[in-house]
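Worksheet for the structure shown next.
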Amino acid sequence: MNSAKVEIRDVTKAFRSTGGSQVTALAGISLRIPENEFLTVVGPSGCGKSTLLYIIGGFLKATRGEVLVNGVPVTGPGADRGIVFQKYSLFPWRTVMQNITYGLEEQGVPRAERQEIARSYLRLMRLEGFERAYPRALSGGMQQRVALAQTLACEPDIILMDEPFGALDAQTRKLMQVELLRLWEQRRTTIIFVTHDVEEAIYLGTRVIVMTARPGTVKHDEPIALNIARDKEDYMLNRAFMELKMRIWLNVKEEVERYGEVARS
Amino acid sequence: MNSAKVEIRDVTKAFRSTGGSQVTALAGISLRIPENEFLTVVGPSGCGKSTLLYIIGGFLKATRGEVLVNGVPVTGPGADRGIVFQKYSLFPWRTVMQNITYGLEEQGVPRAERQEIARSYLRLMRLEGFERAYPRALSGGMQQRVALAQTLACEPDIILMDEPFGALDAQTRKLMQVELLRLWEQRRTTIIFVTHDVEEAIYLGTRVIVMTARPGTVKHDEPIALNIARDKEDYMLNRAFMELKMRIWLNVKEEVERYGEVARS
Amino acid sequence: AGHWGFGVAQAAEPVTFRIGTAIPDYAYAFFTERPDILKHYGKSYKIEWVKFTGSGGALSAFAAKKVDLSIMTILPLINAATKYRLDFKVIHSQQDHGVDGHFATTFMARADSGVRRAEDLKGKIAGVNVRGGVLDLALRIMLMKHGLKPDSDVTIVEGQFPHLGAMIRDKKIDLGSIIQPFYSREQKKGGLIDVFTTVDAFETAQPLSFRAAHGSVLKEHAAAVRDYVDDYLRTIAWGHDHREEAVRAYSKTWKIPEETLMDYFLTKKDTLYRRDGVVDVTLLQKVVETLVRTGFLKESVDVSKYVDLSFLPAKR
Amino acid sequence: MAQGKPRVDVDMASGSREPAARRWAALRWLAAGVAHYFSVLLFFGLWEFVARSGWVNPWVFPPVTVSLAEWGRSLATGDIFHPMGLTLLRALGGLTMALGVGITLGLLMGRYRLVEWFFEPLIAIGFPAPKIAFLPLFVLWFGFFNTAKVLIVFTSCIFPLTLYAYHGARSVDRFYLWSALSKGSRGFALLRKVVLPAALPHIFDGFQVALIVSFIVAFVAEMVTGGGGLGFEMIKAAQDAETPRAFAMLFTISLLGYGTIKLAEWLRALLLFWHIEHEAH
Amino acid sequence: MPALRKIVVRFLPLLLVFGAWEALTAPRLIPEDFIPRFAHVLRALGDLLSSAEFYGHAAASFSRVFIGLTISIIAGVALGIGMAWYRWVKRFCEPLVVLSYPIPKPAIIPVFIIWLGIGDLSKIAVIALGCVVPIIISSYNATLSVDRYLVWSALSKGTSERRLLRKVIFPASLPRIAVAIRVAIAVAFILLVSSEFIAANTGLGYLTFSYGSVGSNDYMFATIFLIVAVGFSADRGYAAVMQRVLAWHEFGEL
């Protein structure tokens, strides 16, 4: 069974911190993510979620273990894996429009087409009228939406998202979730999506993973039946959904509390 | 009736953007915030919530109107108004410990006492073991918690918080909420708290404000009976809570959708 | 510059001489201001002037063959001959010190300082334009002759020519080497007295500066060089004969006020610009011998080997 | 391999070394050293070749080996140490004074409109002025010896230092300032605790530039006004047509500068370890 | 009128300096042999500006400055970024580059003369070599401090490592390189004088030395004044251009 789109094999990551001591962010984490999976990841703050994404992205090297994409070990960043960072880093010297077209430019998409694609994303992200603004003139949520558009516009095979809706209001977030699902269904992309919102994790994911407190590994791995949440408007009141939510929530809670004790002891 | 702790009088803020056009972020917003109020603010992304906080903080000047604190017009930043920024800017040249003690240092608190206070916040924020780490070695959520501690440690009269729990996992967020409420009750601080999470707004606030889409004004102003949420563990299932939540949610939704139409037209 | 002779048509092209010179230069002023008084300029030769701030820089450019002709003074001549081992000849004189009662660089002191002779300098500070230069040597020779040890009995410092006078007045130094046009100015201001001159130091009048040329240039362009020297002497004659016009031209080039120039330029108060362009080898050799005698030069140099006066025109 | 690209933390795994491997390591270290200075060796090789080829007068442009030999001689006899000390004293003396004044002024200009209004145009007009032209005035006022030269170094260094500090102070992230202001920092404390550290990368750029300027200006001042030191020795050697000796002086200043620049880089890494630039090292 | 007042206020510091200059020199508090009266300098400047020959000198100098500066900017940015980004570039270039920093450029003019001749080339080399120092230093340090998320973002969008330099590293470092260029511009004008120190056919630096060595201080200062004035204008012009180029950059508030 080697059809995994992304395979994480026993990845450990240790950071050397100032003072020489070590922080182990990830400890022997293994995961197989098949093509077209929408994997959502939840876990206590500081447990290594971002670090995991950076390793899959090829930005950081694992201290031990490896990540395979399409069966090939990752050695560095590539255009097959798009990423939206937690702190949505836009290019400050590029306007909103130029930020969105960046990846297209790099792919050699002709100018006119680039503009057109970007304009459709501007609409999608409800940023019309800000084409020519520079990032510093945008609110936090607006910047985050530009970052989203920037990555989605490239149509990468695999998308890594680190709390991509964190700075959005509830309603805009909802809209974005719907759009993201639509794109995912259309493009059959593989998505790894870090979030703090358990409901979001269940609503979006085809599988939810709960990570343990630092050092992070997989604590809980739950496949989600598509029909639980996505089909109905009132899924929040659905019994199965609520049970699922409670189960995941308790898992996270356990970890947060455990960590509190670990740290205190 | 001049007992308002913070009074916002017809504040308008227009930014001149590159290209010479203007963006009106706030349009004639007026608010009276009595002492010891816990005001939570929700509203569509980009509606001017951060801008409002910056104006109260004295960092930005209103284009028109003024802000009074204790009846005195605000002319600049002051130690009476603490702030936690949306993009939690820690001083990168200071360790976690030094970041937390910064404000105390400025208040002339003696060293030993500073250390002690900081250590209690470290515990509160579950950051033990990271005293000597520099901000760049922290995860997003950890940085946010340091920023929280940094501001809370100063014990300001008024605290302005811009999505201070945005980068925290659900469980840690819960813990922080409880701690924040405890501090608020103890210290009788006035808090203005921007959030995207409607539940959080209701749970924490003594009053919730929904802002309109850009240009921002007050769309909806709802006092919250304290007993709705805070007293019970299972408040989420409480009927009054759910109704309230729905009401606020619909208000935000309306604004987001209206903006979509405004922008599209 | 490359200038190969290529048959008859090419021979008519004027040769370009790159001439290294110091500031201020006599010839440069008249060649550029009054080309009308020249006879061959632009016909058999042209000039590209390169102005140097010191004779040291001029010498290294000359040695590197970046100039064809160059100003030279006694120490660079000795260096060119003994250290760089260049093939060159001095072809005409420029300025002479002390000949015929003409001006020689004068070491001056404040009238009220008590310094009247070299021996009064014990414990004092003396300023020269550049240590290791010819004036520095003159000062040292003078001090030694009067039983003083340079550097221990007398501190020697550097100052630029235009400032030495003011430094003496300002009591920063007690003695300074003053050349023209500053000598005239200081005299006019008063309050300074002459202590000694280079003639006293070297015990002889000296050719101060002269023009040298590479052997190869002299060989390849003998005729053009001759024409150049002829024109050069023409400017000198013209200057002596039309002093007022000369003052104007010189002032225009170097921005020295005309009234200052009128006071000394081309008179006995000035260094001598010889009409015949002859370099007095005997005097020059005497300077060398003094340097050898006082230990500033390890071995003597036969100056005559480096002087070739055959490019001077036959007596007019 | 790209230096910037990895930007990963250093590999943690570093096993203990076998004695046999240690010899290899030593050899590799030597090879790396040669490789590191390859450009210098190449340059010297080229110089040697050209100087011996007969294209230039070897007395005017002596082979590098001759110059190095002369340099070695002056090091061996120790007669270079006195001028070296003089130049070092003047350069670093002037620089130290300029550091204090320049950085303070620059930071003040960056934070206070009034200071900026007054000094910014003066800096802009004073910077391109050739300071050397004012050396005689310095000599008149401050004498022939060290003071005038130290002061000319000071005046030359102060401009880049101020300008870099000024721009550094101007580009401090406004959230740092806001954060500090809302915690009660004002005036000098704000300057020292926030503006200074935040501007430190800029300030260090300025320091590195000023360091080089100080060496150059001290040397040139000695060339022009004498009074001992490497610059004076070099001009004297040039006058006496002792070209190898002149080059020896240049080697000395170059190596002295190299040492201090490396020291400054080390200091930079030490003081800016918190800054992201440190991660790339 | 308000416009005029604004200009006066803006340039008041300069007027004060010139005023102080005149005030100190007019009653001869500073000997005229060192610094002439400001009024005399202006007179000399007027005289120089009315002679055609002078413009030749100015053109020669400023074109050298321009060329030298351009070379130094291109080479400095390339070297600085290259040394920070590619280990082998740093390995190969750094020792030679750093060893060459502290070499006093005026001192090696004779060597330049041997290799590049007496003409423009040796002077351009002096200017370029001097100006390149701040630019290399700043581009090197700025490159090292480029936000790594920006680099990662670009890499994951298919930017090749070589393009990365142009698309991300350069623009991200630009605010700091811009400061270095501002410094380099000033240095270029200083070196304009030094580069013509030892040998020259033409140029304002040559005029400075020649007038200085015959004690024509008013003329000497007039040339310096002009150099400085042009340097100042260049600085202002550059600042205006940079303000537009760096419109995206967030400057700290005053």
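Labels for the chains are A, B, C, D and E, by order of writing; each one numbers its residues from 1.
Going forward, contacts are C-beta pairs under 8 Å (C-beta built on N, C-alpha and C of every residue); 3 or more make two chains touch, one makes a residue touch a chain.
This one's a predicted model, so the numbers in the text were calculated from it and none came from an experiment.
Undergrad: Along the graph of touching chains, what's the shortest path length in steps from chain A to chain C?
TA: The fewest touching-chain steps linking chain A to chain C number 2.
Undergrad: Sort the other chains by how far their Cα centres are from that of chain A and give me the top one.
TA: Most distant chain from chain A: C.
Undergrad: Chain C to chain E: how many Å between their CA centres?
TA: 36
Undergrad: Please tell me the distance, in whole Å, between the geometric centres of chain C and chain D computed from their C-alpha atoms.
TA: The separation of the two C-alpha centroids amounts to 40 Å.
Undergrad: I'd like to verify one number: the distance from the centre of chain D to the centre of chain E, where each centre is the average of its C-alpha atoms, in whole angstrom.
TA: 18
Undergrad: Centroid of chain B to centroid of chain E, CA atoms only: how many Å?
TA: The answer is 48 Å.
Undergrad: Residues of chain D that touch two or more other chains: which are they?
TA: In chain D, 5, 7, 56, 60-61, 136, 140, 173-174, 235, 238, 275-276, 279 touch at least two other chains.
Undergrad: Touching at least two other chains at once: which residues of chain E meet that condition?
TA: As it turns out, chain E has residues touching two or more other chains at 31, 34, 110, 114, 147-148, 212, 247-250.
Undergrad: If you look at chain C, which of its residues touch at least two other chains?
TA: Expected reply: 54, 60, 64, 160, 162-163, 166, 170.
Undergrad: Using the touch rule from the top, collect the residues of chain D that touch chain E in their complex.
TA: 1-5, 7, 35-40, 43, 56, 60-61, 110-113, 116-119, 121-122, 124-125, 127-133, 136-137, 140, 159-160, 163-164, 167, 169-174, 177, 201-202, 204-205, 208-209, 212, 215-216, 219-220, 223, 231, 234-235, 238, 250, 253-258, 260-262, 268, 275-277, 279-281
Undergrad: What part of chain E is in contact with chain D in the complex they form?
TA: Touch list, chain E to chain D: 9-11, 13-14, 17, 30-31, 34-35, 84-88, 90-96, 98-108, 110-111, 114, 133-134, 137-138, 141, 143-148, 151, 161, 169, 175-176, 179-180, 182-183, 185-186, 188-190, 192-194, 205, 208, 212, 220, 224, 227-228, 231-232, 234-236, 249-254.
Undergrad: Going by the contact rule set out above, which residues of chain B touch chain D in the complex?
TA: Chain B reaches chain D through residues 54, 57-59, 76-79, 81-83, 85, 87, 89, 91-94, 102-103, 105-107, 134, 136, 150-151, 154, 156.
Undergrad: Report the residues of chain B in contact with chain A in the complex, numbered from low to high.
TA: 15, 17-19, 23, 42-46, 48-51, 86-87, 123, 126, 128-129, 132-134, 137-142, 145, 163, 166-173, 175, 196-198, 249, 252-253, 255-257, 259-260, 263-264
Undergrad: Residues of chain D touching chain C in their complex?
TA: 56-57, 59-61, 136, 139-140, 143-144, 225-227, 232, 235-236, 238-242
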